[in-house]
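Heads up, the thing below is written out as structure tokens.
The chains carry the letters A, B, C, D and E, assigned in the order they are written, with residues numbered from 1 in each.
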Amino acid sequence: MSILEVRNLRKVFTSGIFKKTTITALDGVTFSLKRGSTLGILGSSGSGKSTLARSLLRLIEPTSGQILMMGQDVTHVPHHSLGWLPQKIQIIFQNPESSLNPRMRIYDAIAEPLRIHSICTGDEEEDHILDLIGRVNLNPELLFRYPFELSGGQLQRVVIARILALEPECIVADEPTSMLDASVQAQILNIMKDLQESRGISFIFISHDRDVVEWMSDQIAVMEHGKLVEWI
Amino acid sequence: MYAYIVKRLALVFLVMSGVTVITFGAMYLAPGDPAEIIATARYGQDLTPGQIEWVRSTEHLDDPVYIQYLTWLNHIIRLDLGRSLITFDDVAEEIAVRFPTTLTLALASLILSLCIGIPVGIISALHKNAFLDYTTTSIALLGVSMPNFWLGLILIWFFSLYLRVLPSFGSGGISHLILPAVTLGASMAAITMRLMRSSMLDVMGQEYIATARAKGLDKRTVLFRHALKNALLPVITFSGLQLGFLLGGTVIVETIFAWPGIGKLLVDSIYARDYSMIQGCVLLIGLLFAITNLAIDLLYASIDPRIRYDRHD
Amino acid sequence: MPQSIPGSGTTDMTETNFLLAEFCRNRLALIGAVIIGIIVLCAIFAPLIAPFDPAEQNLRERLQTPSIQHPFGTDDLGRDIFSRVVFGSRISLSIGICVVGITALFGTILGLLSGYGGRAIDEVIMRFVDIMLAFPSIILALIIAGLLGPGVVNVIIALSLTQWPAYTRLVRGMTLSMKEKEFVEAARALGASDTYILRKHILLNASNPIIVLATMDIAQTIIFAAALSFLGLGIQPPTPEWGSMLKAGIPYLRSATYITFFPGILLMLTVLAFNFIGDGIRDTLDPHTKEMTLVK
Amino acid sequence: MALIEIKNLNVHFYSRNDIVKANNGVDLSIGENEIVGLIGETGCGKTILGRAIMRLLSPNVSLEGSILYLGRNILDLTQQEIQAIRGREIGMILQNPAASLNPVLPVGEQVAEVFRCHLGNSVAEAEQKAKGLFEQVGIDPARMKEYPHQFSGGMKQRVMIAIGLAATPKLLIADEPTKGLDKERKWQIITLMSDLIRKRSVSMLLITHDLEIAEAICDRIAVMYAGEIIEIGRTADIMQRTLHSTTHPYANALIHALPKYGMMPIPGEIPSLSSLPSGCRFHPRCAERREDCSQVHPEMREIQDNHLVRCLYRGVSNEHP
Amino acid sequence: TDAGQTGPSEQVLTIGMSTDVPLWQNSNFPGGDGRFVWSQIYETLVRVDTDLNIEPGLATSWDTPDDGKTWFFYLRDGVIFHDGTPLNADAVVYSYNENSYVRAQGALQTIASVEAVDDLTVKFVMKRPQPLPLYLTHVAWPVVSPTCVDSNGNFIKPIGTGPYAFESHTKAQQVVLTKNENYWGTAPTLDMVIFKVIPEASTRVMALETGEVDMIIKVPESDCIRLENTPGITVSRKVSTFTDFLQFNTKTSPFDDIRVRKAVAYAIDTEEMSETILEGIGIAARGRPYSPVMLYSNPDLALYSQDPAKSRQLLEEAGWTLSGTDTIRKKDGRELKVSILVGRGVWAARHIQMAEAAQSYLSDVGMGLEVKVLEDGALNQLESAGDFGMILRSGYFVWGPYPRHFWLHSSQYPNSHYQNEEYDRIATAADTTGDETRQKELYYQLQDMVIEDLPAFYLIHEEKIVATNDHIQGYTITSEDPWLNLAGITVR
């Protein structure tokens, strides 16, 4: 059974209030993702990869098409009744530094999903967090630091740890390692692979590095001008 | 860009009607019987009830407020600001006489505050947490904490009376302008200085400053060509707001220095319930404020190329 | 110098304690806090500290220069200036803090709404802000003094009603740039509600300039209150309040300078102290600022 | 004679709580017409080394040792003297092009400025020269009037290169000129740079994460770990020998982290530069550590011509099996 | 004379005043210090000298054939206005025409008609008998030239008969007057008089000290003694017709009780007040309503002296008692707390001090006083609503020597909070008789009544203060406040 199914997804950006210009960022994207597998998406800059990733989480409202999450259509459900969606699908952004609030300590950043979704009580919180960072091999010493005091690899692991707090079934990774060096990239990708094996998480892995995508994915699609043009 | 300016000007009208409506409503709520206050201002304390009623009916003060407002609006549309309810002078003429002096003072103090605030802010930022920083900061804070009614008189005392170098009151040449401009500019200069300091510190930490230094540019070029323009942006916004305040909020300084400006005219008119004069002043001040803000926004865009007003999202 | 960075479980230092310790390490901020602390204590224990009733007149002992009995001298009605300054701290501080508290809160909320709530709300709020900025605040003060009568509370209301737009503008600008940040998007992806994002992410990051503005504003407010009384709309005599004391001392500026000198000094000290504290809070909250004291 | 010779450089940052030891006892020399690559994990101090040469560090820094540029110690120069060297003799391309260009100045201006400052060119001359440079880096000179935000990431990077090369410095320090770019653009830039460099006979210190690139254009490669250079040698030697586990275990592990070689992460954490491990800095993560690794801090040892390694056992065991 | 240029020998006097001249027409009242300027340009039919004695002005004589019902004024011959228009009966008729504000004002609404009898005789017909010449001394009710307005009735410029002619007026800055070469009286000594508007008193004082102005009017009491001791500065003082007073709201508790009003009078030491906070400037009124310089002011009036014991006793009698450690008296559970209203305006500075002093005196006898300094509109509102205990005011009289109240009088002043038929009757009778002995008698009665019934408690008879510097010689101060006497002044 597929965990995520996307049918004919389109996104058209319009901008300007006087002169309207439109950019078709997604132009009929269709695919389905099997539980526990990884779909790699390759594509050059500006081909619409990030737009697709954001649309899947409804961070961007798609113009048309359908997104089915575990068979349920989530395309047009209003946001306030989508509370369960974050617990199913999550996203890792390209730049770990900018995806963490610079004024929030690491501990609080990881605790955030727990607090938002009231996943555990205040007493359990600390244990829970220690457990989470254990899964991504992070030293507890770092918990009380600020993001700028951590290296890129550490930060990306923090991001993964906080996402894991929600126990998502599917993770969209939008170029999660393009800002990191080779050894850290290896570390992060290995962690992702391990998670897939141990927890059966499905991935959509976006990158423009063919080697990396090939290493990560079961199935690869190439995106060009908002379309998935080639399946490998 | 032109479309943007047109749109902004259209909004100016919206804002102006807002301001005048609120002023009208506010004056309606203000305490006291306007007819009686106007009659007292016109005819002196020895009033008869007949005079009060006469004022009430001839000036249509017994009409509902919205009718009064619409009547006024009707005149405004025909560019007629009306005449003062107290002295019967033409409002437009009176404002035309007073306004240039206010503008002179406002601009002078703004320029003064920038001339002091910006360099001192820079110096203070360049010597962060050093003696010079602490001294300039303390002096700046001194500037903020000195009420201008106090500072103004002290300045007159020192410069006019003790040193005998500057005139103590009135408007006229540059020499008349100095003391009131300093009085008004002091606290503004202090805030400008603090703002400049923090924004300069922000900018000096940016990578492009490192690039400029890596190019081997000398200190002055780095500072003035690369850092200053960026650091000025918040200061410009603040100055725009300040100019608006200066155009209407200078009554105390105008009183102390016998400076014939619009601030005192407005306040006196408010006390005398000289509605048409109040509306005239408010209209002008509001208009200038709106135009200043537009000008500031455009200036902002001309300094910072990233800002585009004709595109959204 | 304390060394350890708290790790989980290894230290029982709570977040607040930690920030407090950070703050105290900033010497100027500490001085500021001590000054404000002293002034606040003076305000609270004014009746114990002040040797005289601040309203008690002794016309035979008016305009006395500072002496042992009257450390700050006496004013034009023979009241003890020291006692008045001490009692005045109550009013002045309450006005400063209340007005800044109210306006910062209110202005910030509106600014957040304006910046985050979409174009329509933004347009409405910003036009309203423009109107308020262009509207002469003295008219408002006049109405409030007229409708509610003059007095401390009404001065606070009048000033609050006119001061908020500055905060709204500021916070709106911060919000607009902040909401485009990726960490906000990340929080949305985690399922955070709008209020949560505003509170935890945007506000936290916008707090620096708000604090700077607020600390500068406390002094401005105290002076504005005095300016209102200059226009006959402010605090009523014989209430001791620094601004009005300064105002009332104006006729004696040259013959009895000490009448204005002492409240003036106190006002200045307060301003300085609040600014030091403001800088301190800013540095404490800003993870990037680490005091660059050379250890060597 | 070496163009630049860094000897026992220590760069330490003093912050409120701790001392960040960003560079420790760094020895490095770059000859004329030579490209030296500097690789190593994030945060190991590569950028700091580059910026130390330019004396572009925040004020809370303490610099010890010497950086001899043509025999003159850069660390002893006055403000004026270093200014004359920056840009003119040593150029630098900072790490993050998006943040490193002044947003309120036209890009052309930012390049032309270098000519005016160092070569005393008139405004028109400088513009003319900048135009030529824009053509060389492959940007239409018509776009010189535009501002950085109108340029794509790759274009900004090329502007940075133009700035670095403008005054034809003798040494160019390029800090990750390819970070965040897609493959095509990356190679485009690298080819461009190496062409320009060879043409003008400029030496370069190339700081990068990308081993492929380093391998492609560098004459020598230095590997840095936790503020120390742990291995340095000719590119071919390093790449080959490390691939076959014959030199420093860290360099070896770094290469094996590439997808091409198996994507094996290095276990453990990058040590914090404020609390460095005792002995060999790498020992907590080293698969081959022995007892004295945690006690003895290894010195650089030449294991082969021009190939130095900072390990107690590698190289030694090689020669004496 | 060429106004712009002043040669070295020219006599130019610069005066600092507190407000601008709001307008020059006689359709409105010239508020503030405008009247000081008016008094140089325009003249009145009847004048007062520096000590407020009546003397002929533009009218050389006047008479009333029917005890004040009809008045004939005989004009001075040969007087011309600044523009050469002759002064004649028509000009007077024009000045007091039905549209002039003079006719609309309470005091002169009694004029039924003004007619020219012949070229130099004007006849005023009154609705009821009234001592009109006394009223017509008011500098704000002068004779103006009909040529002030054009044929359409639009005002052109002020033209009077005074010693100085209007030259120019820069709004909110200055008024320039030049010598009237054809002045009918003693020739004016100055070539030019410049009035500068300087609203802030402290600035005015410093402008005098720097020599930027030669004379200032309205000198604050706090600067007076210092200026007197400053070399090069002369301070001229004279008791004026103005008196500060506490007006009671006699219609509501507690001041509806005469004993409470008296308790206030006994509690306050007006002598100490004038000695201290007013720096000894002004005379303690001790309840006397009419300034001693006024016509009919009774020098032998039984005045109040401070007597706190008596004050307390009166309050006790009125039922306001102190119990335990209270500091404020109570009656039927209600505290004895009243408000005192003070207007924002030229008098605010001294009135606030006086109100605060009163607060202290009254708290000594157990009465709480809340000082409210208000903008005119707010004061006006509370006054009409009767929502106040006392108002601290100044002035109160028709200008000139003539002591006619217009604020206590219940039938004339709309907001009076004192209702006393007897008082109104006597006041009206005094105002309608032309017989001086009878008038004196009636005004003495009124003064007794004010002391007795205490609708208001009079605190200080004010002094007018004018300060000049050494450049000025020959200045003589007048008692009347809105009149500035520039006769015989020379500038060095």
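Operating definition for what follows: a residue touches a chain if its C-beta (ideal position, glycine included) is under 8 Å from a C-beta of that chain, and two chains touch if they have at least 3 such contacts.
Quantities reported herein were computed from a predicted structural model and do not represent experimental measurements.
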Worksheet item: If you walk from chain to touching chain, how few steps can bring you from chain A to chain E?
Response: 2
Practice prompt. Could you work out which chain's C-alpha centre is the most distant one from the centre of chain A?
Written response: E
Worksheet item: Centre to centre, by mean C-alpha position, how many angstrom separate chain B and chain E?
Response: 38
Item to complete: Find the geometric centre of each of chain C and chain D from their Cα atoms only, then give the gap between the two centres in Å, rounded to an integer.
Response: 49
Practice prompt. Could you please state the distance in Å, as a whole number, between where the Cα atoms of chain A are centred and where those of chain B are centred?
Written response: 51
Worksheet item: In angstrom, rounded to a whole number, how far apart do the mean CA points of chain A and chain D lie?
Response: 32
Practice prompt. Quick one: which residues in chain E touch 2 or more of the other chains?
Written response: 202, 344, 375, 377-378, 381
Worksheet, complete the sentence: Multi-chain touching residues of chain B, meaning two or more other chains, are 30-32, 153, 157
Fill in: Multi-chain contact sites of chain D, meaning residues that touch two or more partners
none
Item to complete: Provide the residue numbers of chain B that touch chain C in the complex, in ascending order.
Response: 11, 14-16, 18-19, 22-23, 26-27, 29-32, 129, 134, 137-138, 141-142, 144-150, 153-154, 157, 187, 191, 194, 198, 241, 244-245, 248-249, 251-252, 266-267, 270, 278, 281-282, 285-286, 289-290, 293
Worksheet, complete the sentence: Within their complex, chain C touches chain A through residues 5-9, 15, 18, 181-183, 185-193, 196, 200-201, 204-205, 285-288
Fill in: Interfacial residue positions of chain D with respect to chain A in the complex
41-43, 152, 179-180, 182-185, 209-211, 253-254, 257-260, 263-266, 269-270
Worksheet entry | Contact footprint of chain E on chain C as seen in their complex | 55-57, 59-60, 62, 76-78, 142, 145-146, 149-150, 229, 231-233, 236-238, 248, 250-255
Item to complete: Enumerate the contact residues on chain B facing chain D in the complex.
Response: 206-208, 210-219, 221, 225-226, 229-230, 303-306
